[in-house]
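Presented sequentially are two complexes of chain A, the first with chain B as partner and the second with chain C.
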Partner chain A sequence: MPRIVFAPAIQRHVASPAREVAGTSVAAALAAVLAEQPALRGYLLDDQGRLRHHLSVFVDGVAVRDRQWLSDSVRPDSEIYVVQALTGG
Partner chain B sequence: MTELNDQALLRYSRHILLPEIDIEGQERLSSARALVVGAGGLGSPVALYLASAGVGTITIADDDVVELTNLQRQIAHDMTSLGVNKAESAAQHMRALNPDITVHPLAARLDAAMLAEQVAAHDVVLDCCDNFATRHAVNAACVAAGVPLVSGAAVRFSGQLAVFDTRDAASPCYHCLFPDEGEASDGPCATFGVLAPLVGVIGSLQAVEAIKLLAGIRPSLGRLTLYEALTGEFRAMKVPRDPACPVCAQRPAG
Partner chain C sequence: MHDRLLVATRKGLFTLTAQGGWSLGPPEFAGEPVSMVLADPRDGTLYAALNLGHFGVKLWRRRAGEPDWQEVAVPVYPPQPDPLPEPLPGGPPTAPWSLQQLWILEPGGADQPGRLWAGTIPGGLFRSDDGGDSWTLNRPLWDQPERREWFGGGYDYPGIHSISVDPRDSRHVTLAVSCGGVWQSRDDGASWACTSDGMHADYMPPERRGDPNIQDPHRMVHCAGQPDALWVQHHNGIFRSTDGGAHWQDVVAPTSSFGFAVAVHPREPDTAWFVPAVKDECRIPVAGRFVVHRTRDGGQSFDVLDAGLPPPPAYDLVYRHGLAVDEDGQRLAMGSTTGGLWLSDDGGERWQCLSAHLPPIYAVRFG
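Let's look at the complex of A and B:
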């Protein structure tokens, strides 16, 4: 099963440790996490279910192509990494 | 190209000893112009390293004044800087470090018009600011002028670094990575903590990339570097261009 990891800046809102989730696409893997942790939804997705603009999702170290709906496929051994843009300087 | 005198050859000898830089690269640095947006946590090490490394002309912009809470991490300022504009204070310390360079402090928050003018007059821009709106404005100005952008950000224990150079057809821009102003912000440092040397780590990486660019060494494009101080981990993520990016899509495909 693919592994999903949330960067610490996201975990500050809702603690969500790295875990393995079912799914063959990023969207499916994320849906599995949100089913377990509905409180994360608002931080990750907007009202229409699209990825929020200050977030970026990487599969095996490469940014996803479909950043709106996250239809990119994942392999059973993939790592999905979700990053929040930092603004501080 | 600025020719180096004996004193400069001595000052920059540890650069010149590097075959990747050599006298030619050091002369390129002396002729180069860098714009530093923000003279805070990231801007401090950036400004000091660009100055010590001999970047010939450095413009540094910040509209804020130095406060005691800044001194925990903003190492271009000291006790004598309290109440002084940050760009002015940084400029003083840069000149003390290296009187051979020209420093232009700008005690202003750069609006779109000022950004367009300033960015076009420099060879590289270092984004060391503390908010999304400025980050996107700086990016737009860099794409419009075809000037490379070295972007850094740091808060709490986390840091991010990326180099964007849209003169390279394969390079993304900041907007390709984070498409717009965030609905949620990680907030200004005024309300959230920052580990003191974290800004040193990220600011130093920004200075490394800018000096590479200016000296003629290929920078690391299309990559987002993530640093987590708590775990000591670095991660390098690949960031391709967004072919639909409203800021940079009109240039030729990579």
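Let's look at the complex of A and C:
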């Protein structure tokens, strides 16, 4: 199963350890996490369900292309990283 | 008179308490931008709105007597039409149906326990009837055709930053929008009317200067004891209404009529305070002299108050929620975007600096 990892900046607000999740797309993998941790939803997705503007998701080192529906596919051995963009001071 | 002052800053929520002198406690939500704070006078509950740069807007609540904060729901916009309507010809960009900022949080009336109103960017008004556990977008205002003409003033999208609930009738709600004028409902939000008649925006094309729906009130307050007395610090100057917002009159202040903040005495509708700055984009104290304006005669004359404030050059700017008056009408607090915090116990005659080194201050509130 693909493995999903959340950056420390996210963990600071909602602890969410790395884990293996079922799914063949980023959306499916993320849905599995959010089913376990609904409090995480608002930290990752905006009101319309899109990936928040200042977040990025990488699958095997490549940024996902579909920020709206997160339809990018993942393989059973994929690593999914959810990270924040660096802004501000 | 309250002996607790809440200070919402770019880097956390600070609380000061008066026990002899004022003492500053350690920040809560340290490092996080706190856009708004509310101490609900009905039950002592505290609310803090955070705007996390990466992770969106959050709302936390602490019940009176409880030691810990609890994260509660935030306003969430309903699914947006797909596609979003095109902007009006020559109009502002279509606002996304997504929460950008929780800009003002106000309690409902004394007869509405649990009721909260939240004003947001991009212009939605939300209501909670359970102390923030759930929120509903006020569709009558959101679906108002004129809303599509609202535009952002300093932010990309318009926002509601001032909400006044009439203490005589909790169903009467008045709010102000940057930039969308003043709107009122007398039926608990079921219908709305724009009530900005008399305001003018001289920076707009001549044909639009008096348009009620494009006015840019920076902050609106009412006198709790005489709620038909309203004051607005507008982008174009100061406006006052004595008839519940049906008509607004120009008021000219001595140093500058530009600014963001206004506070009104809770029982004396002719007494109000302002913090002037150079218009429009400059937004610094005039000649580097940081002062407070006070009128006690409805704007016919002003006192220019600076005792205890830093001497020139001082470039503190007080943002729209950075000035508060306590229920006694004598105790005032003022916080600047350069982290200065002052308090007065005599209506602004003399100020004491509580800190000159806080993070940028977004809001001060007693409670």
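The working rule: the second predicted complex is superposed on the first by the 87 of 89 C-alpha atoms of A that agree within 3 Å, B and C clash if a C-alpha of one lies under 4 Å from a C-alpha of the other, contacts with A are read in each partner's own complex, and residues count from 1 in each chain.
Basically, a residue touches a chain if its C-beta (ideal position, glycine included) is under 8 Å from a C-beta of that chain, and two chains touch if they have at least 3 such contacts.
This structure is a prediction, so every number in the text was calculated from the model and none was measured.
Visitor: Kindly classify A:84 by the partners it touches after superposition: chain B alone (first), chain C alone (second), both, or neither?
Guide: both
Visitor: See if chain A has more residues touched by chain B or by chain C, and give me that chain.
Guide: Counting residues of chain A touched by each partner, the higher count goes to B.
Visitor: Should A:62 be classified as contacting the first partner (chain B), the second (chain C), both, or neither?
Guide: A:62 contacts chain B only, not chain C.
Visitor: Touching A:48 in the superposition: chain B (first), chain C (second), both, neither?
Guide: second
Visitor: Can A:8 be said to touch chain B (first), chain C (second), both, or neither?
Guide: So A:8 only meets chain B here.
Visitor: Taking the superposition on A as described, I'd like to know which of chain B and chain C A:39 touches: first, second, both or neither.
Guide: Only chain C is touched by A:39; chain B is not.
Visitor: Can you pull the chain A residues that chain B and chain C both touch?
Guide: Residues common to the chain A contacts of chain C and of chain B are 9, 43, 46, 52, 54-55, 84-85, 87-88, listed in rising order.
Visitor: Contact residues on chain A for chain B in the complex?
Guide: Answer in residue numbers: 7-9, 12, 43, 46, 52-56, 58, 61-63, 65, 67, 81, 83-89.
Visitor: Looking at the complex, which residues from chain A come into contact with chain C?
Guide: Where chain A meets chain C, its residues are 9-10, 13, 39, 42-44, 46-48, 50, 52, 54-55, 84-85, 87-88.
Visitor: Report the residues of chain C in contact with chain A in the complex, numbered from low to high.
Guide: 52-56, 58, 71, 74, 76-77, 79-80, 96-99
Visitor: Within the complex, which stretch of chain B touches chain A?
Guide: Going through chain B, the ones touching chain A are 38, 40-43, 127-132, 135, 152-160, 177-189, 192, 194, 199, 224, 226, 228, 230, 235-240, 242.
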